[in-house]
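Every chain is named by a letter (A, B, C and D) in the order it is written, and numbering of its residues begins at 1.
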Amino acid sequence: MEYLIHIAVLVCLYGILGLSLNLVVGETGLISVAHAGFYGIGAYVTALLLVGLGMNFFLAMALGIIASGLVALLISGVISRLRGVYFLFGTIGLNIIAWSIFLNWQSVTRGPLGIPSIPRPGIWGLDLYQNLQFLFLAAASLAIVYFISVFIKKSSFGRVLNSIREDEEATQIFGYATSYYKLAIFTIGAMLAALAGALFATYITYIDPSSFTINESIFIFSTIVLGGLGSSRGAVLGPLLLVFLFEGFRFAGFPSEIAAQMRMLAYGFALVLLMLYRPKGIWGTFRI
Amino acid sequence: MERVNRGSALMWVIVALVVVVGGFSILGGKGGAPSTETGPIKIGVIGPLTGDAAIYGEPFRNTVQLAIDEINATGGIGGRQVEAIYEDGQCNGKEGANAAQKLVNVDKVQAIIGGVCSGETLTVVPIAEKGRVVVVSPSASSPALTGISPYFFRPYPSDASQGNVLANIAYTDKGWKKVAVIQEQVDYAVGLYKVFNQVFSGLGGKTVKEEFSSNVTDFRSVLTKLKAEKPDALFVLTQTAASTQRILKQMEELNWKPQIILDEASAGDKETLTTYKSQLEGALTSEFIPDLSNAKLQKLMSDYKAKYGTELPYLGYMAPAYDIVYILKDGIASVGYNGEKLATWSRTIKDWQGASGSVTISSDGDRVGGYSSEVVHDGKTEPYKK
Amino acid sequence: MDIAIQIALNALIAGAIYSLVVLGFNLLYSTSRFFDLGYGAIAIAGGYAVLYFYKLLGLELWSSIILGIFIAGILGFCIEKIIYRPLRTRKASSAVLLIASLGVLTVIQAVLAILFTSQFQTLGRGAGESRTFEIFGGAITQTQSIILITALVVMTALGLVLKYTLFGKAVKAIADDEEVASIVGINSERMIGIVFFIGSAIGGMAGIATGFDTGLQPTIGLSLLLKGVIAAIVGGIGNVYGGVLGAFLLAIIENLGAWQFSGEWKDAIAFIVLVVFLLFRPQGILPK
Amino acid sequence: MPILSTQKLVKSFGGVHAVDHVDLAFHGGKITALVGPNGSGKTTFINTVTGILPMDGGEIHVGGVVMRRMNPADVAAYGITRTFQNARLIQQISVLDNILVVLTERNVWGALFERHTALHLEKAGNILKKVGLWEKRNENAENLSYGQRKLLEIARAVSMRANIYLFDEPFAGLFPETIEVISDILRTLRDKAASVVLVEHNMNLVRELADYCYVLDGGKVIAEGTPDYVLKQPQVIEAYLGK
């Protein structure tokens, strides 16, 4: 049971990451693979404030989210000038630079040593040291992010994002300063990713740079392609399926050396087959 | 905005199926789990079964399995068979945490052997502590693990000891004033460098350090830069022998043949020592070395060779790994298979005789005793003599 | 000042390998018009093929290398035929091709890890096998010189072939406009197949060179590819000589950075170069 | 005074002037036609005026004021809107959303907290009913036929609160009944005092609709006046037939 709870927490975290990335990729058509970078900023800022200053969890998390949002705001001013595949490579660069900073700014991040013993939050007498109660927090966060995601999709703002996704120039002719819209959604996506990062740091209670690599970004990206771009439900379903698939390999009886590679093999194949036979993903509303 | 497409009913069915199948496989895995009172004794094992550090993970798993097979062949513990559940920690914190969650919560083990690296061990311990499971590492040597939890102990000394030995000999005996360090960005190397630098600078020496992340393959410019510093010696400080080999190969290509200091992770790798024999001749190193004349160790080495067909590598890590299984056996025999009781019992271990020699666990969970210095000669390590 | 000379030589060696990567990459890009991420994995598959024939089966060195190059070419050809061609026929967007190629990258890396383990392996049979030359106080080995010469030969050959042969003209026609090319009677499907074979074979050379120089690991496919992409963009995408120029420039900047600044920021420096170019000179140094 | 006028407007591609020091003026309450052979610079003119192509010289005046910022979004804020030769719809959203997107808030913050209202729906409904696409409102735009796409794009342009409408070949390839619907829309706009600019090849339609007409050739204005007048000019006949 505890193990199912553990997996459920992971599903919630990746669900938040999937939803937030979907806003950027699925709704706005910005193919970004920098998400693990923002996820990491949220995790590091929260963890450092908790460990270093003993700050209240929610305050630390809020600051982590704001920090990630500020970084996104600054950076997207630069990279939102890139189009299409160049945007993609810009974001790959971003992720690698963020990772280098986590690894090399050792006076702050402790580099490869990581940050151990991050306290779990305790609120209203709930002892979140219990995984089940942490799951409530994670699930509540997922629900909030889902709500935010649907709220954005249903707003006029969301419609403009869809319009940018398909024809940015035409959208400008309608009178929209599209660069501000891209800036805004990139920042919102980064802030929500940072929320997942804050939860991750306090859940695992240890972070190091290896959780925030470009491969992690590619994994998050794959989950939403599987679930279906442009769909909030798809952005939760994709992570759910892939996390279950990954954990399932633990039980499938493969030799361990092979199992890890089998996961990679499975999701690589999933991407190829999806593109060949169902580029919309499972639930997608948007065919890239 | 979000309209349901026609395929969605089908997709729901698929989702439901996956959830059901996933649930079944998990419950299936759980259903067979017996209570802790009867049936086989399940012990969790976490190590790097994949990735760069798998070179330690494989012999580690083999050694643990060897000890378990021996115990089972002689009637198990109190009549109960021992069964190991291996999980892949990949020497990384997150995977270590996942593996520990599964072992503690699904398999309900009371003891975990591992992790092999400090990185995974650091995340395993808090999870195990919460589940009141005892964790024993054969080789995680980070000073950060000293006194981390009453549920953790290691029949292996902390790196503090290794850094100390190396820095003292380098400065005092060898008379090196300036040592260049090429350090991999992993917790083990960072921890060791800290101790080394502290002691070496304290003595009056100076270090010049370059770092590299584990995925780097081209060291030439970093090495060129260190060479230009004209150091008295180069400390190759890596977590895996693979990186050391890359560095040594590229040093050779650059025609740089300095005095070398090796950490134990590379010094324990026979392939490195023999392949780069001429470059490493006279290299200073320090290992936690079990006494080769120890009859238990000799038996372990010959049994290992008989069973797996290869020489037992990394004696400094594998002898403790082998001993852990027997230590746990003694512990379970005296206090029962219960993490809490085993944790308390672990602090009473004193002069326990095993393949790695005499084991005494201090109150902070570390092995008492330490590293001895060695030099490389003709592709082998031998004790250092002044 | 022999440190400067050695740094220059180091840059030359790294640049030679990047050149091979970028030569194949540019050739593929100029006809297929998308960023084939799978190319990185195909390149190292060539290296692993040599590992298999030369080290495990004990075949002779040169025949192993030729087999390795051939296998990389065939692999590229088959993947194009099975995956990319149906997608192109369906007029799938370049993002779909990109994601499919990401799947290809993941699958090949996983398969290589299953077959050859994920450990680091070098193609050389032992230490001290390669002679070292002294040039103005710097050192370069025989193997490295061969790699450097190969890169220059391949560049020249490719440049000449594209300029003076019928094949080259057909490739150019497809690069300019595939539809027009088909109208004037070029069998573009067949030509693209041949281009994938040749491009992947050149990639295979890069993988083999990497194997002899620094060693192989399944996961270096992505980093090799990214270096190739940066070199291609810096030099001017699709331009044979521009790509090589970009490759050497990138290598020089990386090694200078390692010398003057610090080695651990190497990847970050490479990507900062990329982002700067994307922003200020997206067409590269030598535009097509 | 004209609502929109250009002075010595220049746009060149690699040294060739596609729009060559052009002075045009467009008045409110008038339909002005831009005619000329293929490649005469009509579409380039529209692209330059709407900020899609950066201009290389000259000035554009809107309501007597020089336009300074020439981003497409800024141009729209001056009350200028347009359609394209090949209708550019937002393919993977619904027909209704294609209209709503031009009715809602432009400001980022405002848009984030705004949902489309009954009023928006009513406006969108009216225009969709007018062009006969109400039944298709929930279809994705990519599923429309060629004529429907043109109609939807025009409906979308009309829904913008603009006072200058630039239509780039709105009638090309359409059936007579569709042409009639669109002509009606153009006349309605004119009657509301908007300035309508029409790029068109069909001279009968130009005669029927336009109040004034400019003829472009090689990026230059070669004739202007009422349609009947300019179409009789020898240089115009030569431009169409002579080369």
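Things worth noting here:
Keep in mind that, in the parts below, a contact is a pair of C-beta atoms (placed from the backbone, for glycine too) under 8 Å apart; a residue touches a chain by one contact, two chains touch by 3 or more.
By chain, with names taken from UniProt: B = Leucine-binding protein domain-containing protein; C = Branched-chain amino acid ABC transporter permease; D = ABC transporter domain-containing protein.
These numbers come from a predicted model, not from an experiment.
Counted as hops between touching chains, the shortest connection from chain C to chain D is 2.
Summarising the inter-chain layout, the chain whose CA centre lies farthest from the centre of chain C is D. Chain centres here are Cα means. That of chain A falls 31 Å from that of chain C.
Separating the centre of chain B from that of chain C, both taken as means of CA atoms, is a distance of 37 Å. In whole angstrom, the spacing between the mean C-alpha positions of chain A and chain D is 42.
Among all residues of chain A, those that touch two or more other chains are 100, 103-104, 154, 159, 257, 261, 285. Looking at chain B, one finds that residues 1, 3, 50-51, 54, 185, 211, 213 touch two or more other chains. With touch defined as above, residues shared between interfaces to two or more other chains in chain D number as follows: 97.
Here chain B touches chain C in the complex through residues 50-52, 54-55, 185, 210-213, 215-222, 224-225, 227-228, 240, 242-243, 245-246, 248-250, 252-255, 275-279, going by the rule given at the top. Against chain A, the residues of chain D that register as touching in their complex are 50-52, 71-73, 75-77, 81-82, 84, 88, 90-93, 97, 100-102, 104-106, 108, 110-116, 160. The touching residues of chain C, counted against chain B in their complex, run 3, 6-7, 10-11, 13-14, 113, 117-120, 122, 124, 126-128, 130, 132, 134, 139-141, 144, 210, 214-215, 217, 219-220, 223, 254-255, 258-259, 262-264, 266-267. Put simply, chain C touches chain A in their complex at residues 34-35, 83, 86-87, 92-100, 102-111, 113-114, 117-118, 222, 226, 229-230, 233, 262, 264-265, 267-268, 271-272, 274-275, 278-279, 282. Those residues of chain A lying in contact with chain C across their complex are 31, 78-79, 81-82, 84-86, 88-90, 92-94, 96-97, 100-101, 103-104, 214, 218, 222, 225, 257-258, 261-262, 264-265, 267-276, 279, 288.
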